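Should a chain be cited, it is by its letter among A, B, C and D, assigned in written order, with residues numbered from 1 in that chain.
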Amino acid sequence: MRRSSKQTCKLPGIGNRLVFKRSLIPINEFFKPRSSFDVSIIWIVFILLWPAMATSGSDLEVGGLCPQYVWIDCAQQSRHKNGALTQYYHISHNADIRPDCLDARDYKVLYRFRIRSKPKKHPYGFDLVTPKEGYYSSPVLCGKDGLYFTIKSEGNNIVEVFVVASCGRKQFLAHVIHPIFGKAPHEKPVQKGAAQLPQGLPRLRLGPKFSVRSMYMQTGRAYRFEYMSKYTTAKSVSILENQQHMASLTVSDDGTFAYTPPHDPKLDRSGPYDYKQTVVLVEETGAKREYATTHTLLLHRSYLSHNRLNPGLILFGAVFLAVSLIVVFNRKYRWI
Amino acid sequence: MDKENKMSDQRRQRQLQKIGRETQAEFESTRSQLQQRKDYRPEWDYFLDLLMRLFYPDALQVAVDKPVVEHLCNQAPFELFHAMGVHPARLGSGSFNVVRVSSSRLPVLMCPYLKATMGMFELHGGSRLDRLYHVVPTTCDWVVKFPEMADTVQTTCFLELPHLREDEKGQKRWLEEIYGLVRFLEHQTGRKLKRKALKASVQTFMHAWEAVGRLIELRRRRLLSGIWFMVAINSFLLDPIEIWTEHVLKLLDAIQSDSPQPLHQGLFLAGSPIVFPNFKLLNLIEAAGMDVCADDLCTSERIWPGGVCYDNSSCHGLLKTLAERYHRACICPTFADNERRFNSIFNTLEQHRIRGVVFHVLKGCHPFDIESFGLEPKLKQKGYKFLRIETDYVEEDSRNILTRLEAFSGI
Amino acid sequence: MVTNLRLLTQHVMFLVLTYGGRFGISLGSSLPCFSCPYVLGNGGTCYLMALQGNWWGLQMTWANLMSVMGLQLLTHLGVFILLVIILNKYWCGWICPFGTLQDWLTYLRRWWGIREAQFSWLTKDRLKVIKWILLAYTLLIPLLIAHAGWHYDLHLPFCRSICPAKPLMPLFIGQTRHLALDSTNTVTLVFSILSVSIAAGMLVGMFFKERFFCLFCPLLVLIHIFRNVSPVRFEKNVAGCTGCGNCHRMCPMDIRDVHEQKTDKDVISEDCLLCMTCAEACPEDEVLTIKFFKWRLFSSSRKYMTRRFTKKKVSHG
Amino acid sequence: MSIKVGIDLGSTAIKVVFLENREIVWKKVVPTIPGQAQVANDLISEGLSEIGYSPDQLDDPVVTGYGKSLVHDAGKVIDEVSANALGVFLLSDHKARTVINIGGQDVKVIRLSEAGKLIDFKMNDKCAAGTGRFFEVAGRILDTPVDDFGDLGQSSADTVNISSTCVVFAESEIVSLMAKGIERQPIIRGLHESLARRIAGLAGNHDIEDEVYLDGGSANNRGLVAAIEDELCRDVHVLPYPQFSVAYGAARSLDSMM
């Protein structure tokens, strides 16, 4: 697969006017990296500040600021010699500050495979497995683009990823579910993992009717979500693309809401393999914590909804008629 | 003056009557000779009766009860005539006597078969058959000039025969000719060519072809003598085709029912046509202790164009099929691109283990005359015997021919 | 009767290849016949798709090509070649479902007594080039996408812009989707317009001319390349040919070579579909012979020919 | 000890040979007259009486020639071409490869394999041109016995051109030549040459093998032989009794069967 735009890979905040207006501390100015030299200086500073940090509590709170939400940002893939596929994910948030590699430990990445592939068979032949609760966890690493983690898949799998983190009163939970097309000849059977999701977190589930085909997510198709939490307080649902607020939705009483991503001319112009990432953000305030739950949708351009059948049939008929007439009237001998 | 004309007319009439009698006698005697053969069987009478119609064309007219089309060569599709509700027939005969009717007014070298045909017309006052047309594929010069020399009163339709047929041009031209024939017949008969009729006619003839095919098989296996085979095929189209076919089938059953012994040494007879009652050569061949078990005469095996096969039963498709079957498949030596004619001869020789070829050249039959010299070395080099016999509608050279044939059988 | 056997095979294979997938039949994705991948639930798919797909795969580095991906490409190719070698042109005359569809149209035409359209020999010869052009088109475009950065919507160029099987074959599973115009963007629109128009034109052509599309089929070329290594033999005893021209007339592809061949005994020509119609129509004994290795499968004979065409067995004729 | 009999009922002469172990013990030629069967029987009995054998010592006679069908009690009938070939081949002790037979009414050119098998033969059409009959007619006009033709022909150095080979026309042509007062010798020589031309034409000079043998009555005619040699540019051999080679061949045909 190919990334549609580089911005989504970049960390939020950097070069973002809005951020500067809201920022109170000029430290941002100072922190804005200009060159590798600055970066190195920043490194030194943080290393010096380390003990203080260590004592200042194990959450994302840096300088008293928390990001508003955290989401999973699918990055590039790399194919292994044996055909297995490794998918890279960035952990992104919209904090005004630049997160630091030392926060890595504050993120917990869990994932599970929702489907076991039968490569021998036709796509019809997929069978859907919902394993018992039980996840693999993946270490959070740090690159120059920030925090990231990877998931490797031997065969065709639909992987469901969760990133859990907290900051002060804020509790973050990010989802993404999408297929990974591994092509390893001898894929190992997917056994269930050992890790568990922390209890008491709200969940944002795609569904409830979860179908294999809906994994190839397209614009113009309605996606129903199910938000499950123990609170009944007001929930605000907003749709974000590159942090731009696109739309707001309301959650029905039973905690479900539907979103139909509009067609995107840019996607339509580009090829069939391109996709964009739209983040569904649900925020609610619980008893003593605020919950920001995101679900990243990998949206491709619509596969079918641009098909115009009637014009096609008309064209077909017209050509058919035209050619028939030409053939019939350009005859040399009797036809019958 | 008138008086003299009248005199000469009367003399002419007397002469015609005389020749007529002699010709009739010739027919009768040939017939009785055949009936006295030891391998004669009553089934043959039907065919012999048909052959007599060469002398009594009116009988044919009565039998078929259709307009009769006199065609000279085999390139005009029989099926087409049949579908158009007319009856095609070759009214030429091999009579020795009837040649005399018109030979005085004809080139000496002219093909005697056509002389005889012409004489027969004159004998019957030319137009005794009502509504008779000629269809003349332009094969050899004699045939081309035939209507002119015969100055028949009947309407004639020429078919320009392309002598090159391996290329598209020739095939297209011939197809055009066939369409021309259709138009001619439609004009003459005043009816349209119907696809169903054509299809039916093709099937009718397919049955005839199948029967002929079996006859040929029988002769190949030396179970049917050359002369009788010739009798059967010469009578082709001297009766409605369906009836003829039935009789052939009866005959086949009769012959196969009592399994006869294979006849003596078989040979391949190539060359100019042999027509009843002139079986001189066949008789001599038998006298020399051999028998014809295969031939490529256009009055014998070659009327059988093989099955007509088509996958396209539209009117055009059928016409195209017929056109090709009677043109591309025809092995008349008149064509320029004809090496495949030799192929077919070699095939027959190999498949049926025939060792000798007798090549019959009628005087003035240029196509075969020319070809015999091309064929001879090819055959000899393949180790076959070859004997070229040039003859005419005369008896006097029988002795000489017999000597050669005897020696030939000894080689 | 060869024809009946062939009809049987054709129809069985049509069912297997069109609906087989629904019953778990899968003959792989390297079939040398037009079993369209766009027919969901088919029993195996046309190699042209895989071929374009594989070239498409070349955008990977050669290093990767040497890896499992390359392996996959090679297996597809290998299987294809194997299938082609085993049953060379039989794929066309006896198996190809799209060929069967064309035959149906022909039977319909014959049934109505409409004659077949005729090409002049010159036209026919000129048409021969087209399938090579189409093959080049099929192979080059994906390469250009992979290496010259052409637009991705140009992928599967043959299937999506030329092949009439794509719009037509899915109709057999009641899917009209491929007759629609895809207005997503210019490329898709152009492709779908091409595809639909060609399908319509071909439909007419295939009605008036037997096996019309086969004249342009690039797969036919690919199959023909391997005729010499294939055990499938179609030979003519040139000495025996009397030039009646039945083979030429009866041939669904109007092949002249069998009739014209006077020296060489191998008469599998480029357009030949091995439908054996010519061998059936040949009135000379043992002149046309179809062999597998040295075993003769069928040999022409005067008896057979007369019998076949006397007993109104001519298919729908 | 049995006697083999060969009878050649030719168109102009009837020849009979008696063989005793492959050697000619008695032979006779008489001109053909009606009732050939009777003539043949008389000849046989005559021969028997001359060499003093009784009829039961005879094998069945082998008959050949135009008249063969007229003799009914013939033990065996063989066609003259084969008989001729066999006869010449044996008499020439297996040398002959080409036989030119000038018979009464026809001319045959026969080709043999080394084994003496009949390969191929040519024969004149119904016209009698270039046959023995030709000499008989000429002899009558020139009132000269045919046997003298040889010497007379060779005796003259110069020749006249006789264009027509047809017996009838040649006749009138000779008459007109004689009217011009030309001697017999050149005319006879001219006749030989015209005949030789005719025969060479029939033989097709190119496709005849060497070891050419001439037989038939006219082979005794030295002048003709010379003319033919000249025309064919080949040596032409003549057997001691060229008239009897056919009858001999017929007689030998029996044991050549075995």
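The working rule: contacts are C-beta pairs under 8 Å (C-beta built on N, C-alpha and C of every residue); 3 or more make two chains touch, one makes a residue touch a chain.
No experiment lies behind these values; they were computed from the predicted model shown.
The most central chain, judged by the distance from its Cα centroid to the centroid of all protein Cα atoms shown, is C. Ranked by how far their CA centres sit from the centre of chain B, the chains are topped by A. The chain pair B-D and the chain pair B-C differ in C-beta contact count, and the higher one is B-C.
Remark: chain A and chain D have CA centroids separated by 119 Å (rounded to whole angstrom).
Between the Cα centres of chain B and chain D there is a gap of 41 Å.
Taking the mean of the C-alpha atoms as each chain's centre, chain C and chain D sit 75 Å apart.
Distance from the chain B centre to the chain C centre is 47 Å, each centre being the mean of its Cα atoms.
Within chain C, contacts with two or more other chains are made by residues 113-115.
Among the residues of chain A, those in touch with two or more other chains are 333-336. The multi-chain contact residues of chain B, meaning those touching 2 or more other chains, are 195, 314-316. According to the touch criterion at the top of this document, the contacting chain pairs are A-B, A-C, B-C, B-D.
Interface residues of chain D, counted against chain B in their complex, comprise 66, 79-82, 106, 118-121, 123, 125-126. Those residues of chain B that touch chain D in the complex are listed here as 380, 390, 396-397, 399-400, 403-404, 406-407, 409-411.
Against chain B, the residues of chain A that register as touching in their complex are 333-336. For chain C in complex with chain A, the residues that touch the partner chain are 21, 26, 40-41, 60, 64, 67-69, 71-72, 112-115, 117-118, 151-153, 155, 167, 176-177, 179-185, 188, 192-193, 196-197, 199-201, 203-205, 208. Those residues of chain C that touch chain B in the complex are listed here as 110, 113-116, 120-121, 239-246, 249-250, 260, 277, 281, 283-285, 302-303, 305-310, 312, 314-315, 317.
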